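Letters A, B, C and D mark the chains as written, and numbering starts fresh at 1 in each.
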Amino acid sequence: MREAVATLVGDGDTVVIEGFTHLICFAAGHEIIRQRRRDLTLCRLTPDLIYDQMIAAGCARKLVFSWAGNPGAGSLHAFRRAVEGTGGAALELEEYSHFGMVGRLCAGAARLPFWPMRNYMGTDLPAANPRIATIECPYTGERLATVPALNPDVTIVHAQRADAQGNTQIWGLLGVQKEAAFAARRVIVVVEELVDERVIRADPNRTLIPGLIVDAVVVEPWGAHPSYAQGYYDRDNPFYVDWEPISRDEAALAAYLNEYVYGVADRAEYVARCGGLERLGADARVCAGVNYGY
Amino acid sequence: MREAVATLVGDGDTVVIEGFTHLICFAAGHEIIRQRRRDLTLCRLTPDLIYDQMIAAGCARKLVFSWAGNPGAGSLHAFRRAVEGTGGAALELEEYSHFGMVGRLCAGAARLPFWPMRNYMGTDLPAANPRIATIECPYTGERLATVPALNPDVTIVHAQRADAQGNTQIWGLLGVQKEAAFAARRVIVVVEELVDERVIRADPNRTLIPGLIVDAVVVEPWGAHPSYAQGYYDRDNPFYVDWEPISRDEAALAAYLNEYVYGVADRAEYVARCGGLERLGADARVCAGVNYGY
Amino acid sequence: MGIEAAYSPAEMMTAVAARELRDGEVVFVGIGLPNLACNLARATHAPNLVLIYESGAVGAVPERLPVSIGDPSLVTGSLMVCGMADVFQSFLQNGRMEVGFLGGAQIDRFGNINTTVVGEYGRPAVRLPGSGGAAEIAIHAKRTVVISRLSRRAFPERVDFITSPGHVARGGTRRQLGMPGAGPVKVVTDKAILEADDATGELVLAALYPGVEAGEVCAGIGWTLRCRPGLKQVDPPSTAELALLREVLDPHRLYLKG
Amino acid sequence: MGIEAAYSPAEMMTAVAARELRDGEVVFVGIGLPNLACNLARATHAPNLVLIYESGAVGAVPERLPVSIGDPSLVTGSLMVCGMADVFQSFLQNGRMEVGFLGGAQIDRFGNINTTVVGEYGRPAVRLPGSGGAAEIAIHAKRTVVISRLSRRAFPERVDFITSPGHVARGGTRRQLGMPGAGPVKVVTDKAILEADDATGELVLAALYPGVEAGEVCAGIGWTLRCRPGLKQVDPPSTAELALLREVLDPHRLYLKG
């Protein structure tokens, strides 16, 4: 991870670490904080705790997003302090809805400059974000909303498994992992498990990201904690609840970063420091295979 | 199948029977011929033998397509006779490339009136088909090509398996089965195997079409022959080669339809008349399952 | 204790929301009370309800109460899991969602919802989470049901920011703006049900919960609330509904606290 | 027998096409000779070639010679199978395809290809299959290689219909029309290799096969063919290449007949 972030994530880059609740790569976010990247444009549908930590650590110049909360537990307070002007550096915002962010990545993945959708009529979102525009249908004359393509400098995707070439398989919630990877100039895949190419080739319909678009494969077990990896470990819901008071208190947040991010050399040390993560280990609910014969 | 076609496919309908080489529902096409549907607008990327048979049988008023050949074996001669004016009823054409047809179904599935793409510059296709238009990007000012949405009255999709509610799982080549189903007003799913809902629920990432958009589920083993179903039976390549001289000769084609379509009551009789289809039965190449636990 | 005290406002709101769902409908589910309401409906009068989450789980049958919209329990045993591009394009924009649930910090006279900012957008007094999928759900779901507790702060005459459009939004009516769905047909509060007036789109008082007077409702609304003629009375949660909520659906009172 | 007779034109064309591929490249593969050429390259100098088929198979390793572009043998053991929307949008339009192979009934002076009609579109003398994915491959692949046998019918000065644009197509040059790819950089025929002139985009004679005179090539071309200065000689297929083609890749001579 250290090398992947050092060589593929630069100051000032536009960075996407995706994963909708599932497969959020905290390991990558922490490494970016440790390497003190600055002036990043951070993009995600749901900034979640990881971007809250990166904002608190001073990595971000700008946030591009659609829902900034701590799901079911409260607010992202580093984000709020920056936006409400009550602490931390200023943070530029570029705000969409989920569909808008999804459309931006679809356009990026297809290398189109925009994505059309029926959306935003009657809302104040286009007034708040002039990049939400409209277009006239050449067939019906209707006006549709558009969002501009998002083509990040680097996308980091967490996944259950990949082979050494980066052929990556994901199951459970897929979010926009595929679109975010195809939209990017550089792609880092972080996996729970490195598998032999034969495992990938045995079930090719399960492959979401082909190795030919991947620049680095990093093996990082528990790399998504406190988010989760279906079939590997559960979401650490108490962590999300406990984050609310930490995030609320600048000093507590700084202490957290010192202990769990700056204070560890790598993910393995983080896992050791957390202690007892095995309690989150997944039960076995293995499905049957299908026949690829002919 | 008889009831599904009787109630869901009407004269004059726009019909999509999709499947790219894989999972082409000959069973449905034959039933439509037997029920003597007329004035259909038949849409498919590759008309393949099934639309050639339907054109020969007089079902089609119009063909919407992107590649009309017998892959690796020759021409679709009923189609060619109609277009070259050397036999059969006139056939209106609306022609795209594969990407254009894919885009039309993507727009249909998303209920957008058009789909943008970088395509068709320098080609004569827009001159041959005025429905290929252009649009100006609101961000960059570039002109992009557009194709209009395709929203068929009915889509018929062949698949490996579904439950009684129509929750449908497909593996191997996926073509545009998903987009064609979501784009349609009515959906018929034809499967090799009806499975318990628990089989579907054991591997939900394998589900391509949700039951909530499906109007009828038909169980029809060997329903795709001479096309194929990965994991069930191989493509009948000799059939495709043998079709070339039959298709070339109007009388031979009529005799084929009499024997194998009009002359049988249903798919089971067709399978019996073909004889020996077991030779195409698939070998076992079963993949391992994945863990959905948490 | 009167019957009012035999159940909590949250339990009542959940039971009322559940009754808004018809068997076999396709529901775009949010977390919290909407999720509880859907599961209560499935366990009672609507066993064939199809629950879809914006995270991509279709036909979910969670074995535990999901804390987030992306909980792993929504995946295991569901009918289908698809990417979010499909959720928003092939399901929602395609017009397949029959009911959507929405909530918000502010709901105004015409059912517009604000989940973005209190104050000015550029310098907010309170920065809220933003739209998530709410803007497009409000536009595309065939109808939406809003769940919110009454207070003058939560029900101002005009919201500070329209995140999710109601019946008369920025620039005109839903029809004028070309919105496919019918919008917020009901607002389920802790004291009463509001409904949109067919002619004007204004939210009006439609039904009262047991033991509630119209005046109490008006006190929690920031505009002069009109009343439907023939105000209805809402039945309290049944013993069976309460037992399901308390013993099966939310035994740890994660969402049914208050 | 001279060396010319020691291998067939199809074998020579396949070997020449295989040499156009560099190790590690991503190739959009067609059926027939292009598929054989790719597999020959994989078995010789380019073991890391990634084969992608428009049917959605990525990194295919067919255990038998696929008869169609959608053969089940392309799926079994491949690295990834995706839908066709991804093939055309996320791979091709995204600019990930480094080489595309094309063929056609007519190829003209500027590398435009016709696979649609001979004669007028509205009343064709011969109706051909149409574009399939050829139009977009011609536009988006970083470069294309065209494979076709020489004849005046196949190489007219102007094609009847431009299905797949070459270097100067309807309305101007590739650059003027905004086409991302470099177009048909080589045309592999049964007697020689043609290449596009950098300045004009016109196809010119670049290299001759063993035993072939330039005049023979010109006889199969419907315009006055210019020659590159310093015409090259192409090596015949090696013994190893021939053995692979005949014994492993197409033992039943499905595509290597003539």
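Definition applied: a residue touches a chain if its C-beta (ideal position, glycine included) is under 8 Å from a C-beta of that chain, and two chains touch if they have at least 3 such contacts.
Just so we're clear, the structure is a prediction, and the values are computed from it rather than from any experiment.
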{"item": "Shortest path length from chain A to chain C (each step joins two touching chains)", "value": "1"}
{"item": "Chains touching both chain A and chain D", "value": "B"}
{"item": "Chain pair with the higher count of C-beta pairs in contact (B-C, B-D)", "value": "B-D"}
{"item": "Distance between chain centroids, defined by C-alpha means - chain C, chain D (Å)", "value": "58"}
{"item": "Distance between chain centroids, defined by C-alpha means - chain B, chain D (Å)", "value": "28"}
{"item": "Whole-Å gap separating chain B and chain C, where each centre is the average of the chain's CA atoms", "value": "41"}
{"item": "CA centroid of chain A to CA centroid of chain B, Å", "value": "37"}
{"item": "Multi-chain contact sites of chain C, meaning residues that touch two or more partners", "value": "57, 72, 75-76, 81-82, 89, 93"}
{"item": "Multi-partner residues of chain A (each touching 2 or more other chains)", "value": "111-112, 117-118, 142, 171-172, 174, 178, 202, 205, 228, 230, 234-235, 285, 292-294"}
{"item": "All chain pairs that touch each other", "value": "A-B, A-C, A-D, B-C, B-D"}
{"item": "In the complex, chain D residues that touch chain B", "value": "31-32, 54-57, 67-72, 74-76, 81-85, 88-89, 92-93, 112, 116, 121, 123-127, 129-136, 139-140, 161-165, 169-172, 174, 177-180"}
{"item": "Residue numbers on chain B that touch chain D, as the complex places them", "value": "20-22, 45-46, 65-69, 71-72, 75, 79-80, 83-85, 95-99, 102-103, 106, 117-125, 127-128, 142, 171-179, 228, 230, 234-235, 237, 240, 285"}
{"item": "Sites on chain C touched by chain B in the complex", "value": "26, 50, 57-59, 61, 72-73, 75-82, 86, 89-90, 93-96"}
{"item": "Residue ranges of chain A in contact with chain B within the complex", "value": "111-114, 116-118, 131, 133-140, 142, 144, 146, 148, 160, 169, 171-172, 174, 199, 202-203, 205-206, 228, 230-235, 282-294"}
{"item": "Chain C partner contacts - residues on chain B that touch it in the complex", "value": "109-112, 167, 178, 182, 197, 200-202, 204-205, 207, 210-213, 292-294"}
